[in-house]
């Protein structure tokens, strides 16, 4: 199941067909753990979660528990949450502040920088035997802080994070930069949504990569109206006036739904449920136009940083991680973002909107979970697995070197009729998936 | 205490138990509009996220109402939209409808103050849908009930679900 | 209302809760003959099958008493044979006996009419047997109770199990 | 585990030994899904469940959900219940009437004849790309209606259903023909029992194929009495007077327990709990004798249409399907039959009898489930798997070309001492199981 | 019976239900010292092991108090040490603390005798901890309550867990 | 995963590293069932559980249910709890007294000596076919009674039990002999603790083999005090005055923590919570000194009889069996021992102490379960499995031919600084594990 030729039969992005096997097959799942999750850059958390020396939060990389920690000297680390002696989970708290991680089984203790500092009876029991320097917590060899987010990889040979992001940084920044155009400035609201969904991790990952097509999933919300102006899911005018771009980087695996407004577009009415909030965004947009030059025109929607981190740049502004929990289950972690400098009233307004939209209690995403779960379940059978999924939408209609009124945008871009859709981004996602699954090392991919 | 006083106590307990059982009945019979009518206009509906915190740092144990991201942190308007969504007939997560059962136990009136009563109860919510999909949620509720025109209403509900990672895929029901 | 009237209401609720708890006790202590005696001679015991039906076609949602195939749709005679079977000592599905626990909650008297009372309740039935075999059934009961010679009896029971595909291998117990 | 030679070691019907591996081994189970359930004719349901155009019921073939549907033109179809786009289960209802199946994920919609009729934004999103004719619901390529029942196979190369039934049709008809001897005329009572049993699907399949031997399982019922005359499990006199035949077709896999009454047998007393019902069957039997000639003498008991459909021809009159749900679990579906023309009082009497006898609440079958479950569990261990089951009963004592007073009956028949038993039918069942598991295609089996 | 007599009955039932709900609240809020104070000094706390025995040999069905190995068979001193252990902060099995929920139902006063009451109840104990670890224990309790200085106290508790092989890894909580 | 070379990479006791794979890998687990549990001597139970002819108790060997039974003639047998016909579990009771085991499926019945004595309709149904002598209950071909305990092996080629125990018998006797020095004389209190722990069976097996190192696990108990003198976990003085020996037999796999008191040691105060109990043990020790010569000085702690029976010689005095239930779960069975002749008051005092110390409700072991469970869980991940556990403690510091004041003790013994620890015993355990896993037969091991 796992040899390269077989994979080529399973994933044919040029023909627009992908076998259901890659979603339900145990062996392929096992290989994903080795070749994707033990190798790629994964989102671990936010610096704002660990402001002080000694602060830590539990997080997850692929199937495994990790500790995101700021050491006493202020340096940030990502550790495998398992003692080197007999593997005990050294940290069973979700967050806290500590001087050390004490293993409750035999009492080995690790400093916040991961070094093994305490070994009961070391002299009498181990004598010269134990070389403590070789038995500190397993640290992710690659870690990168980017505009308040923290990313890590288990593979020393992984490319630098910025190379890994490549041209996609421009789009990820649409989430992480302040709406007034300043660099960074986003912060995560306290509280992380964590829940289990009975589907393979790739269902949400590909959906967020750029599924404009599942409007029927959310028809009930469009009828009821939960948006910031009381209607639909979000404020649509700025989207409707804009060019709709599905952006993907097939050789990186990252994608985003983006929008490019006309050079002369006036401010679009938004956040009309709250004058104060409307005013805030009006002000921000002015600032943004001033600071960003032509780039003010660009804003983002949902996307996916390969393999499993999915920003949603605005309305609502969130980032999710799809942790694999076996081929048939995914644990979702979801952070919600606001401009750190926004007034409390704005933050509160957005928080309410985010919660009613997103997550297991979100009117919108409840139906996504239902669809992902039963799509997965209905794809497990012997006969079902003989019938590939269809990814033909917009095949061959994307271009590189997109430009509009002198503004060039990176990536392979499908410029679509507003209100319609393309599977340009999903094909990009699986192009990269296929590359990593087939390569024995990062070197092979270079 | 006088017979009347004793009786009053018993009647209040009975009234409130009956109210909570009636609420459960409305929910499980999917009579959501009648259920909504049990809430005051200024009602608060809050369900925090639970965290694993050291026993000596209980303040970290749950997310804060009105400040953090919670599972629910809303008023009657949002509750009404949830009900409206179920009624669209295209809310796929509830099509076909889930079979739910709200078991309510341990009803405690912890405080009464004029027309308000602070009430604690425990719930076990069983959900089964489609073929074999089954969820069980267990926890506590802390309600503030208010008597308006002789009828009890829910002015505030705090739901303490005994889970940290939510073990169900969605929360398309009310607790 | 007068003190007496209030008291009568409270006593009726208490009586009926006590009756249902007693019934659960008899079942879980496997005193099945005493349990049978709680039913009237003309008793009906009905448990429909639940179907997944569109929210706008509720009539398809459960099978019909006296018409369709149900899980149970019988009278006291068949119930008596079930009890007799357990007592043979060679009813292998209950040998060794299951450990059962009937938790009864949300007792509501929805109507009284002379010597009859229409009562709703919720159940959680836990069954564990042999080594690790464990089942949990949750749902509602709608009973018609009749007072005969001062004693409550079950004249009719409808059991609404919140499952469509039955998730247990057999129903060798009573609900 | 799955190569042919190995299978020969595991299944030795001539010696009367069969390894426990075939019941508990994951790899053999996987192969069963490919070689048996994706290939054989399976019972899907009853025409009476979908009388009107647009009527549908959800059913199951092997592990997979299917839709049994009557299209607007009245034609009957069996579809895989999974969208061709991303696999979503297009029908999550057990039954209903519809104009189309709308996928709730992206809104593709399929007509009741399976054709893909609705694709949101097809022109703008897909242009010429999507060939809708290639992306309709996956339909079972073989479907056959037989006396009110509907059968299907996923294998285009499967033999015609009547060839697949072969000489067994005579016995299946004992279930499906009216008791008064007219062709067909049976109908399923509303309501289908569906429940899970913790055992491999072959335990019930082989038990129904002809297990006269497990009387001890049901001793408690015989003591208590639930039969239509108030005693035992059923009316015994007509059985006791008859010749007891275990009939199997080893090269088809089908079997049934049958009974042949003496040419001069008087009507046997039955259904004595209800004069009306007794009278009805007396009348039917007279009609039957008149219509059927010598064949009136034949009546049936339990049987199995290979692989997993088990008729029980009378007392009680039912048909069950044993859907595999992994090697260690089976989902049973059970329909209950009556003569469509029988008086209401007769139907009601039988319904009560059927329910108290059969299914998870049936006094009789409760004990079968207990035995199948613990027999399976006790066969999973490393040591247990070294000890094959014993199928020696009546080995070498069955004959072909059975005849009695000029009435010839098809099949390999064991003529047994009334009240005793044989494993003739189980050996027939596993002979066919072995053939299908070893063959790469239907052609190989021809 | 007189109004007073009826009322007394209702009040006793209410008092005892309130007592058991209060006890559950103290346990789930981890107010273990207050919970301990609910026990008399000579209290007995017993939870037998259940066995699979033939229906005609019920005497083999559970282990004997004071004779066999049981799950619990102790007095207040040992209970106190359990509470003290939780408070050390290094009782790893409860660090972070478990989220527990004691649902109490079917409260029956089976006998009263002066200041003592024999009370039966059913429990469902839900425990969830760390990420997804979840346990459910269901069974019966038979308590002897004693009124001391106007307060009810637990003089004896027998816990009948409906499991033979214990399906949870440890019993770091109280039932 | 299962080939010998691979195992050598996984288990390197000389270097003191062992891969996490052997705890979490499905294939290695499967091989353990074949090569260890279907081959080694396993503890089945106590003779005191079946005093009378016809008495039986259900027990377990590896994953499988067995019956420990005393036949009508008084002989002890161990049978696989599965019918030879279709595998039904013939005994579903935990204990009882019977004339035969009647299978509830088809009624085959087996005498208490395992012979197939009842076959319904044998003559009519089987004729000469069935050779009953070949179809009795599967009996463990090797069974041995040792000082009240009963052991069995499924492998006819297994060495005699006493050879299997080898020099370890001296240490096992510290559990099974009466404290006053007489042979045997221990009895199991009624009631067996049985519970599930979410970890591989080797976590508890290696922990009991000699883990003196996990004091931090039990710090809370040391603070609270549950010992027989009201302090700590047990009476420490006799331990503190003694030499601390970690004893292992690498070529047998057995180990124990043992203590050797000085030749002139006075009686150490103990059991001070009860004068009567203290007096009893004072008396026993005098007797013991009289009867045992120099050997009175030796007493034991926890240990493991390879693979999964763990005695704890005293304070508390118990023996546990760690039954595998898949790679990720263990079912623990625990018996509690007292001198059969001890006064009731002494037995009752000890029973209370044992229960508050041990098992799922034991203040001490509750924390062990927490550690084993999360150590296992944190070792399952792809990255975690790349980092072996550390077993370097006391490497190379054990000796054979230990002697003290003329008293020679068998085994490879690490003489450690009191209060400290060594992993000498764990290395012994895995040395033997490696041998059995690599050998195709007992002959290869000879």
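Here the chain labels run A, B, C, D, E and F in written order, and each chain numbers its own residues starting at 1.
Everything below uses one rule, namely that a residue touches a chain if its C-beta (ideal position, glycine included) is under 8 Å from a C-beta of that chain, and two chains touch if they have at least 3 such contacts.
Since the structure is predicted, the reported quantities are computational estimates derived from the model, not experimental observations.
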item	value
Length of the shortest touching-chain route, subunit B through to subunit F	2
Smallest number of contact steps required from subunit C to reach subunit F	1
Pair joined by the larger number of C-beta contacts - A-B, A-E	A-B
Inter-centroid spacing, subunit C versus subunit A (mean Cα positions, whole Å)	50
Centre-to-centre distance between subunit F and subunit D (centres being mean Cα positions), rounded to whole Å	49
Interchain centroid distance [CA atoms averaged], subunit E/subunit F, Å	33
Numbers and ranges of subunit C residues touching at least 2 other chains	3, 7, 10, 52-54, 90, 92, 95-96, 103, 105, 124, 130, 132, 136, 164-165, 167
Subunit F, residues touching no fewer than two other chains	92-93, 104, 196, 216-217, 367, 370-371, 374
Chains grouped in pairs wherever the two touch, ordered by label	A-B, A-D, A-E, A-F, B-C, B-D, B-E, C-D, C-E, C-F, D-F, E-F
Footprint of subunit D on subunit C - complex, ascending	47, 49, 51-54, 57, 60, 63-64, 66-74, 78, 81-82, 84-85, 88, 90-93, 130, 164-172
Subunit C contact footprint on subunit F (complex, rising order)	92-93, 104, 196
Complex contacts: residues of subunit D adjacent to subunit A	33-34, 37-38, 61-65, 80-89, 92, 102-107, 120-121, 124-127, 129-130, 135, 138, 154
Subunit E residues within the subunit C interface of the complex	3, 6-7, 9-10, 13, 50, 52-56, 103, 105-108, 120, 122, 124, 136, 138-140, 162-165, 167
Complex interface listing, subunit E residues touching subunit A	90, 92, 95-96, 130, 132
